[in-house]
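Both of the next two complexes hold chain A, though its partner changes from chain B to chain C.
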Partner chain A sequence: MRLLTHNMLSSNIKGVTNGFPLLIEAVKVVEKEVDFNEDFLKNMFVKVEWKALVEASRTLGYTELPESAEASMLDSDEFLRKFHHALLELHLEDGALVCPETGRKFPVSKGIPNMLLHEDEV
Partner chain B sequence: MVVITGGGGVAVCTCQYSRRLFCGGPTLSIPRTNRTVDSQPALLIGCTTSRRRITHTRTSSSSSSSGGGRRRRMTTSAAATSATETLKKGIAEFYDQSSGVWEDVWGDHMHHGFYEPASDVSLSDHRSAQIRMIEESLRFASLSDDSVQKPKSIVDVGCGIGGSSRYLAKKYGAKAQGITLSPVQAQRAQELASAQGLDAVSFQVADALNQPFPDGQFDLVWSMESGEHMPDKTKFVNELVRVAAPGGTIIVVTWCHRDLSPSEESLLPDEKNLLDKICDAYYLPAWCSTADYVKLLQSHSLEDIKSEDWSQYVAPFWPAVIKSALTWKGITSLLSSGWKTIRGALAMPLMIQGYKKGLIKFAIITCRKPAL
Partner chain C sequence: MLPKIARIQLMSSHPQVYDPCDDSFALVDALLADRSNLIKHRPSICMEIGCGSGYVITSLSLLLGKEYSGGAYYIATDINPHAVTVTRETLESHGCHAEVVNTDIALGLEKRLARSVDVIVVNPPYVPTPEEEVGCSGIAAAWAGGENGRRVIDRILPVADGLLSDKGWLYLVTLAANNPLELCLEMRKKGYASRIILQRSTEEESLHIIKFWRDSDVLMDANERVTVNKTGNGMASESAAFSPFSIWRRGNQNV
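Right after this comes the complex of A and B.
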């Protein structure tokens, strides 16, 4: 699971008011090289929750992202490369996504999160 | 599910044959046979309607029994939740078992092709017909190709092995998430996406009735032939609307039953019987009509709600699937898959029957969420 995906997922357990972002418990993290696409990154920048991305990348061991970011930073190649790396090249293979309110763990296995709720969470 | 109340007790009926809370009607069965694979027609001819074998489990709500421990009281709502869980498990297992066979014979799109009415199609035309189904759906919804207006984020609800997700992500240069109840499908979908270098396409095991996304995330909310699996159409539509971004487009392509006339309260008994048999084989809950979907969308103040009956454009599909199942590759794949898949294959003539009777409709329903 890439952080691009993590940035889109939330806990929708009944009664939870703020299920985003999910905390990450990393058991196995893998780095996979991905082709650099500037246009794609610029398009994605608008949609990304920056703080969640920074936190998540730190959990996975990458500390290069700035605390905050603005559109003007997209002109910097160095920034784009860091953004690219955090968003697309860090993979959580095994571990869990954790609901920030209830602590409930959603398992991640072979890179696929299982977000199914139990009967009593619906 | 049938819940019979009588004499202070509540009974839950379980169909022993399909091992799920049955949705009524006789079920298909194959009598045991020693026939070999070579006599292919025998597999289909051998289908007869079995007598319903029902196990009644009685739980009494009265506490007049002497001695012994507590009796568990199954309330109607708990039973309903249980039925949904059983259905979801059945769906996941069905697709865990069947996806490989389908992909082998038909490729990575698990949906109907779109054909010219009354056309003559050969087995090789179906792949392009399936692509055409996607394109016609986008066109019907008036989705723009324009670089500013095109969708940038897409959710594929009931994504199968991700055929639509990958196609749409490639077409629009967008990111796409696919959700499915089947872990096998999610894994396969991800494998294919990685193999194709689609880094912005990802898949999760999740429930369409409780989508694991915050509100308003997706410019395009896509449900291609998954709506028929949803046991709660209201919740299903609520979730589609919730995750759609302001200005986003929702596209639902699904199997419905015919619209009821104003004087009708429900379908005719023999129509219900036919659908029930199909339900069993494909892990479907009760069907609804296209008009029902339109009503649900209308209750959300959405814009530009459109629907159309595309049954005439998909007519060659089921005969083609049956033909492909009867090839050597089809038969051997089915036999090595499992009972659920085989039963699904055996139910295909029922789908043709349903379409011919004008009972089953292939419907598209689209709309747009108002921009802020």
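Right after this comes the complex of A and C.
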């Protein structure tokens, strides 16, 4: 599971007011190279919640992202490369995503998060 | 050179996962036929709901490929835990990157991806079955559609409506038994134009692949109809608005 996906996931448990971002418990992290695509990064930048991405990348062991970011930084190749790496090349293979309000764990196994809710959580 | 799609020899499989079949091939054929429109469309985020073996999402990723420099974020979901594993394996064997999430339709993704997905493809469980068969998590989840085969489709459409961007396109596989015309009329009320882009009859099924897109004219018509109803002049314009031919719109030239 890439951090781009983590940035798009939230906890939908009944009663939760703000289920984003999910906390990460990392058991196995893998780095996988992906082709660099500037247009893609610029498109995604608008959608990404930056703070959540920074937090998540730190949990996975990557500390290069600046605390805050703005659109003008997209002109810098160095910034783009760091953004690319954090967003697309860090994979949580095994671990869990944790609801920030209830502590309920959504397992991640072989890179696939399980967001299915139990009957009493819907 | 023909555009690439998923290759059967590279597909992963599992006894509890629906192997690609006529409906999967029909959907991919429809996407292939629409390929130049899709490339011009420059989707940023593409999603498959109910990815099964991964045949369709893999094919979509391959046929859009590196053709346009924007690239896209591909994401696939399935309620069946074996299906998500098989999809991941199929994607890997084709060298494709896509994210896979084990979830019910798009649960967990809906908030952050609201109004953000540019292309959604769905080959839903459309077979008319007894109601009890709907919603089991095994392989029957791939086909069991309850009354008129509509139970899961009717749950998927509002979710898709929430996810689709302003320029978003939805491709949906249906059977004649699902009453595609009624589906199109219901989507029309939400401001979608539609067109059957591929029709294929096999021995057992009559498949209709429908493409939906937001159309401001359709949305205006839908809103006007509500106003007219309130003043009590509904009857005459109702029948005109629901004329079967008025919903097949060309609208945007690219669709």
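Methods note: the second predicted complex is superposed on the first by the 122 of 122 C-alpha atoms of A that agree within 3 Å, B and C clash if a C-alpha of one lies under 4 Å from a C-alpha of the other, contacts with A are read in each partner's own complex, and residues count from 1 in each chain.
By definition in this document, contacts are C-beta pairs under 8 Å (C-beta built on N, C-alpha and C of every residue); 3 or more make two chains touch, one makes a residue touch a chain.
Model, not experiment: these values are computed from the prediction.
J.: Quick one: on chain A, after the overlay, do chain B and chain C clash, or do they fit? Just give me the call.
T.: On the shared chain A, the partners clash.
J.: State whether A:K110 touches chain B only (first), chain C only (second), both chains, or neither.
T.: Both partners.
J.: Applying the touch criterion given at the start, work out whether A:E119 contacts chain B, chain C, both or neither, answering first, second, both or neither.
T.: Only chain B is touched by A:E119; chain C is not.
J.: Regarding the shared-chain residue A:N43, is it in contact with chain B (first), chain C (second), both, or neither?
T.: A:N43 sits against chain B and chain C alike.
J.: Could you say whether A:S10 touches chain B, chain C, both of them, or neither, answering first, second, both or neither?
T.: Both chain B and chain C are touched by A:S10.
J.: Under the stated touch criterion, which partner chain does A:R2 make contact with: chain B (first), chain C (second), both, or neither?
T.: both
J.: Which region of chain B runs into chain C, 4-12, 58-66 or 184-192, after the two models are superposed?
T.: 184-192
J.: Enumerate the residues of chain A that count as touching chain B in its complex and touching chain C in the other.
T.: Shared contact residues on chain A (touching chain B in one complex, chain C in the other): 1-2, 4-5, 8-12, 19-20, 34-35, 39-40, 43-44, 47, 106, 110-117.
J.: In the complex formed with chain B, which residues of chain A make contact?
T.: Result: residues 1-2, 4-5, 8-12, 19-20, 34-35, 39-40, 43-44, 47, 88, 106, 110-117, 119, 122 of chain A touch chain B.
J.: Tell me, which parts of chain C touch chain A in their complex?
T.: Result: residues 44, 69-73, 75, 79, 81, 84-85, 88, 97, 99-104, 107-113, 116 of chain C touch chain A.
J.: Could you list, by residue number, the parts of chain B that touch chain A in their complex?
T.: Chain B residues touching chain A: 81-82, 85, 88, 152-153, 173, 175, 177, 179, 181, 183, 186-187, 190, 197, 199-200, 202-207, 209-214, 217.
J.: So in the complex, which bits of chain A are touching chain C?
T.: Where chain A meets chain C, its residues are 1-2, 4-5, 7-12, 19-20, 34-35, 37, 39-40, 43-44, 47, 49, 106, 110-117.
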